[in-house]
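We call the chains A, B, C, D and E, going by the order they appear; numbering starts again at 1 in every chain.
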Amino acid sequence: AQNKKIKVGALRFTSHSASFVALERGYFADAGFDVELEFFQAAQPMAVAIASGDVDYAVTAVSGGLISLAEKGAIKVIGGALKEEAGIDGQQIVVSDAAFQAGLADPSQLDGKDYAITQSGSSFHYVGSNVASAEGLEMSYKPLQKVGAIIGALRSGQVDAWNIVPHIAKPLAGAGAVHIIGAVQDYLPDYQITTAFTSANNAANERGQTKDFLAAFSKGIDDYNGTMIDKSGGDAGVDEMVKLIHKYVYTDRPIEKAAPSIINGTMRLSPNAALNVASIQHQLSWFQSEGLVDADITLETLVDGSYVEMINI
Amino acid sequence: MDIQMKSVSHFYGSTEVLRDISIDIPTGKVVCLVGPSGCGKSTLLRFIGGLERPTQGEVLQLGEPPEGSLNPLTYVFQDFALLPWRSVRGNISLVLEDHGIRGEKANRIIQDVLARTKLSDFENALPKQLSGGMKQRVAIARALAVKPAVMLMDEPLSALDAQTRELLMDDLVALWTRQPFTAVYVTHNLAEAVRLGHKVVVLSRRPGRVREVVEIDTPLTERTTGDPELEKVQNKLWNLMRDEARAADEELVNV
Amino acid sequence: MSDATANAGVQRPVAYRGGGFAPSPRRWVGFVVFAVLVVLAEWGTRSGWISPLTLPKPSDVLDTFGDLYKSGLLFQHLVPSLSRLFMGALIGISLGVVIGILIGLFSYVRAGMVPVVAAIFPIPKIALLPLFVIWFGIGEGSKYALIAFGTFTPTVVATYGAVDNVDRTLIRMGQSFGLSWWSIVRKIVLPGAMPGILSGLRISLAIAIILLVAAEMLGAEFGIGAYILEAGSLYDLERLFAGVVILSVLGVFVSVAVGLVERRLLGWRT
Amino acid sequence: MSDATANAGVQRPVAYRGGGFAPSPRRWVGFVVFAVLVVLAEWGTRSGWISPLTLPKPSDVLDTFGDLYKSGLLFQHLVPSLSRLFMGALIGISLGVVIGILIGLFSYVRAGMVPVVAAIFPIPKIALLPLFVIWFGIGEGSKYALIAFGTFTPTVVATYGAVDNVDRTLIRMGQSFGLSWWSIVRKIVLPGAMPGILSGLRISLAIAIILLVAAEMLGAEFGIGAYILEAGSLYDLERLFAGVVILSVLGVFVSVAVGLVERRLLGWRT
Amino acid sequence: MDIQMKSVSHFYGSTEVLRDISIDIPTGKVVCLVGPSGCGKSTLLRFIGGLERPTQGEVLQLGEPPEGSLNPLTYVFQDFALLPWRSVRGNISLVLEDHGIRGEKANRIIQDVLARTKLSDFENALPKQLSGGMKQRVAIARALAVKPAVMLMDEPLSALDAQTRELLMDDLVALWTRQPFTAVYVTHNLAEAVRLGHKVVVLSRRPGRVREVVEIDTPLTERTTGDPELEKVQNKLWNLMRDEARAADEELVNV
C-alpha cells in the first residue's frame, strides 16, 4: 500500500514517543502510511474512538473500558508498549506531604489510607489494589477523574497516596509537594502498563496493514529505547531525541524547561512491541474479581496474539 | 347584505351562555347590543364573524356582500389588536396583502382610509407612539380598508378615557354620515348606545336572552347630549338593566 | 327552498374561520411516543440494525435497573445523590434568593453584583473542579459547593427579575397607606416576586441535577453521578443508560414537585 | 408666623413618604467591585495570606494572558472554539426554534414532544461523552453535536413558551380578516414570539459557552476549553484562570450582542 | 383638615408638567380635577399624598386630621391595587397591621367597612374571584378602614364598564351622604365630575395650569341624569376642553 491514510491516537506523554519517532523519522512513511496523529486528553475516549473507527491504532493502558469494548467485539490488543523493567525508574508511589510528615514513609504503612485514582477500573486502581494486597492491607480509593484534581488533592493533603509516572512524580517530589515512598515495579514486576491496540476489524481483516504498522512502530520503539535508555547515541543522541519529542510533549514550554521532564519520563517500551501476556492476564483477572467487567471474558477476547511475540505464556 | 340570527343558543361546557337569540341586522343600520357583564355579547359577535360556532341555531347572511368587499364581516376590537411591530401603514397593509393587493393599489386604499380617519400624518408611527384614541382610529382605518359589508365592534371605545370616547363617537357619526355602514356595536355604555344605535338590543343576564329591542328614530347627526328624547330612552334602558347589572357585578367569578 | 327564501336573495350561513392556535392537551400521545421510541430501540438492537456500541437494548437497561434495585445498590446510590442535591440546591438557592432580593431592592448592590453575576454565569463548573478540591476538599463540601455554585447564578437572575416585575402600583399603594419599608418588602415585594422565584427554581433544580455528575467526579464512591461516570469509563452502556434514566425521572419528579408548590402557594393567580 | 397663619390652625407641608423601590443605574460601581476584588486577590496572594494553591496572583494571570496573546496561541485557541460555538449553537438553536414553534402550533406535536424534551433536559451532557464519540466521531462533529444538544432543550422550552404567550387577540384579529393560516404564523405568531425567543437565546448561548469545555474534552487540541482542561490537569492555576476569564468575557460579549439584536429587532416594544 | 396647594410647579427632567397650580380643598367637599391626558392630574395627586415632591411650591395641610385618623391622606387607585394573594379581609387588614391594630379591634373595623360597602358576604373571596366593580369597592372599603381625612381618588371608575360605573357612583354618593368626606377626585369623565364634584377644577394641556374652577351647588343627592342645570355645566366643561383633548390625543408619545 502506498500513502495509505491512517490515524494514530496519542496522548501528549513521553510514553507515546514511539509513535512520534516513527512518524518523524519516516518509518511510517516507509511502510506506506500517511499517518495523522490524533491527540486526546485522556485514554478512555481514545479507546472509544478506535471502536468508532475514528482512529486506527493507538496506545493506552488496559482499563475496564478497554476490556468492555473488546467484549463488545469492537477492539483488540495487538502488542505491548510501556512496561516496568527492573533497573529503570518506573511508576512511583507517592504520598502527600501531610501524610509523610505524619510518618507515612513506606507502602506497608498505607493501611486505612486514601488512595487517589482517576476512576474505578483505571490503571491507578489496579496498581493501588495490588500494592494493598501485596502488603496485606486495606485502602479506600478516591475517584477524582482528573490528574489535575489528584495533584490538587495531594498537595492539600486530602488524599494520602497515589502512583504516577516518574516525570510527574519527580518534579512534584522535588518541589516538596509529595514524597516518593516506593516503586510500582516492586509490586508488579514487568507490569505491562500500556498496550497497542486497534479495532477488531483491523486486527482480523487488515492483517497486512496492521503488521506493517507494528513493524514501523517497533522501529520507533527501538530508536527510543536505544537512544534514551541504552544511550547508543550518547548525550547528543539524547538531545536530538528530546528535541524530537518536544515537538509533541510540553510544547508550550521552552525546550530547556521541557527537557528534564522528558528525560525523567524515560521508561522502557517493549522491544518489538512484545506483549507480556501474563501481566495482561493478571490485569484482566483483577478487573473480573472486582466485578468491573464480565467474569467470562477470556484473554482471547481481549488480545489478538498473532502479531507480536507473547512473553511468559 | 343583511345578517339574520335564527334562535342561536350556546353552551360552554355545561354553562349555558346564550338562549334562543334571534336578531336581524339590516343593511346600513347600526345595531347596538347592550347587557350586563358576562351575558354573552362578545360570544354573539364571534358567531356573527364566523370565529366561533353556536351550539344551536344559525347565523345567516342574506344577499351578496357589495362589490369589492374584501372581508364582508370585519371586526373592530376593544383592545385595538394592532400589531405592535408594524407601523400604522403596515398594520393596514397587513389585511390587504393576503388579498394580493400591494404596491400602488394598496397605497391608494391606505391613503384613502388614513385620510378618512384623519391619520394621514401618522402613517409611519408605531403603535407604541400613539394614544389609545389614535390606536382605535388606526383599527377603524384598517377595518375600512377591506370595505366591510358589516362592521362588528366589540366595545370599541371602552378602553379609552371619557374625553377621547366623546371625540371618537363624533368621528364615527361623521364616518357613518359620509357613507352609511352596517354595524353590530357591543357596548356597556348606554350613552354610546343611544348616540350611535338605530336599534338597541337589550340582553338579559347569563344565559343571555333578548329582553327588549328599542328602535331610535332620531337621525344620528341630530343626536345631542342634552336631547330629552334620548335621555328618556337611556333612562328606560338603565331601568331595564340596573338590577341585573348589579347582580352580574356581584357574582363571584369561579376561576 | 321556498319562494320566501328565494325572494330574500342568496341566503347562507356565515363562513367559519376561527379555531386553531389553542393547543389542547392529549396526554396519551406522550406515552405513545416514549413507547414507540423504546420499541424501536429494542427492535433495532435485537435485529442488529443498531450496533450494540451505539445503543444498549432497552430490555437490558431494564434488567440492569432491576438488579440495581434488587441488590439494594439503587438506594445506596440514590441517597447520597439526593442529599447532595438537597444540600447543594438549598445553599445555592437560598443565597441566590437573598442576593437576588438585595439586588432588586438596592441600587448599589445591583450595580455591584449584576456584573459579577454576569461574569460568573458562563464559567463552566467542571473547569473549576481542580480548584474546588483545594477550596472545599474532596468530601461532601465540594459537592455541595459545586451544586450550590451552579444553582446560585440562575436563581439570582430569576429573583431580581421577579422583584423588578413586582407591580409598582402595589408598592405605591403600600407607601400611600404609610406602611413601613420592611412591611412593604415582606408583605408586597416578596409575595409578588414569588411566581418569578418559583419559576426560576424550576430551572435551578434542573441545573442542580445536571451538575450532579460533575459534582460526583470529585471522590464520590456512591451516587448516581458516580455510577454514571463509572459506567462511562467502563463503556457499560446498560448501566450508563440506567443512570441517565434515573436522572431523567428525578428531573420529572422535581418539576412535578415545583408544580405542586406553585399550585399551593400561587393559588391566587388567575 | 403671622396672625393669619395662626388663625388657620396648624399648617404644615404634607409628609413625604414616596420614593425607593426603583433602582437607578450606577455603572461605575460594577467596575469598582471588580477592581476591589482583583486588588484584594493580588494583595492576598502577594502577602501570602492567600495560599498560591488557592488562587493565582491576578498579575500572573495577566502575564499568562499577555504571553498567550503575544505567542499568537490566543487566536489559535479562540478560533476553533468560536467556530464550535457558532456551529453548535446554530444547529441547536435553529432546531430548537423549529421544534418549539411546531410544539406551539400543533397539539399533537406538543403532546408528543414536550415530555421528551422534559425527559432530556436533566440529562448531563458529560455523561454522554463516550456515546457521542461513537455517534458523531471525534472530529468537529461530536463537538457541534454536544453544544447543539445542550442548547436545543432550553431553546425549545423558551420558544414554545413564547408562542404560547403571543397575544391571542392578535391571532383572532388575523382570522377575522381572513388571513391564511400561513400568513398568521408568519406575520403574527413569529414576530410576536420573537421577544421570548431572543431572551431564550441569551440563556442558550450562555449554556453553549459553558458546554465548550465539555465539548473539547473530546479529542480537541486547540480551543479555550481544551486549554482550560490542560491547565486543570497540570494544576496550572494561572492558565486555568486566564482561560476562565476568556470564557467569562466571551459570555459578556455574547450577552451584549444579543442585547444589540434585541434593540434592533424589538424596537417596537414599549 | 383642609389641603392647600400653593403655586405648585413641576418638571420631569426638562419637561414642564405643571405650572403654578394653586387649589384649595375644603373639608367635607369633593373637588374634581379634570383635564386632557398627560396634563399632570395624577402627578398633582401624588404631591397631595406625599408620594412625590413638586419642583416648586408646596402642599400644605391646614389644621389637624380628625381624631383616630390612621392615614389622613388615603388613595383609591384606578387599577384597584389589591394584593392578589390576600383575601378581601386580608387586603383590609394589611393597612391596619402596621398601626398595630389586630384581633378583635381590627375585626370590628373590617366588619364595619365591609358593611358600609356592602361586601360582608365576600370577606374571604380572593381578588381574582371579583368583578372589577367589586374590586374597587374593596379598595374603597380599605380606604375607609384607615379613617382618612382626605380621600385621593385617581380615576377610580375608569377601569370599570359603564354600567358598573353608574352603580358605583350611586354608592359613592350614598357613602358621602351618610358621612361627608373630603376628596380629590381625578377623572376624564365630565359626567362623573358633575355628578360627584362640589367643585370642578379644569386643567389645561401640559404644562397643566388651572383654566377654570366651576362650583356646583346642587346637593349630591339631588343630582339626576337628566338635570338641565348639570347638563349645562357639563356642556360648558366639554366646550372648554374639547380642542385640548383632541390635541392631547393626537400627540405622539416619545418612548
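As a convention for this text, a contact is a pair of C-beta atoms (placed from the backbone, for glycine too) under 8 Å apart; a residue touches a chain by one contact, two chains touch by 3 or more.
Since we're looking at a predicted model, the values are computed, not measured.
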Target subunit C, source subunit B, minimum contact steps: 1
Pair of chains joined by more contacts [C-beta pairs], C-E or D-E: C-E
Subunit C onto subunit D, rotation angle from CA fit, given as a multiple of 5 degrees: 180
Chain centre separation (subunit C, subunit D; CA means) in Å: 17
Between subunit D and subunit B, distance of the C-alpha-averaged centres to the nearest whole Å: 46
Rounded Å distance, subunit B centre to subunit E centre (Cα mean): 31
Per-residue multi-chain contacts in subunit B, two or more chains: 49, 51, 73, 128, 255
Residues of subunit A whose C-beta touches two or more other chains: 44, 48, 51-52, 65, 146, 148-149, 151-152, 155-156
Shared-contact residues (touching 2 or more other chains) in subunit D: 17-18, 53, 129-130, 134, 172, 175-176, 178, 229, 232-233, 235, 270
Chain pairs in mutual contact under the definition given at the outset: A-C, A-D, B-C, B-D, B-E, C-D, C-E, D-E
Subunit B residues within the subunit C interface of the complex: 3-4, 46-53, 58-64, 73, 255
Parts of subunit C lying in touch with subunit D, wherever the complex brings them together: 17-18, 20-30, 32-34, 37, 53-54, 103-108, 110-116, 118-131, 134-135, 164, 168, 171-172, 175-176, 178, 181, 184, 189, 206, 209-214, 225, 228-229, 232-233, 235, 237, 240, 243-244, 247-248, 250-252, 254-255
List of subunit E residues in touch with subunit B within their complex: 36-37, 122, 125, 128-131, 133-134, 155, 158, 161-164, 166-167, 187-192, 225-226, 228, 231, 234-235, 238, 241-242, 245-246, 248-255
Residues on subunit B engaged by subunit D in the complex (per definition of touch): 49, 51, 70-71, 73-75, 77, 79, 81, 83-86, 94-95, 97-98, 126-128, 146, 152
Parts of subunit A lying in touch with subunit C, wherever the complex brings them together: 44, 47-48, 51-52, 63-65, 68-69, 72, 74, 119-122, 140-146, 148-149, 151-153, 155-156, 158-159, 292-293
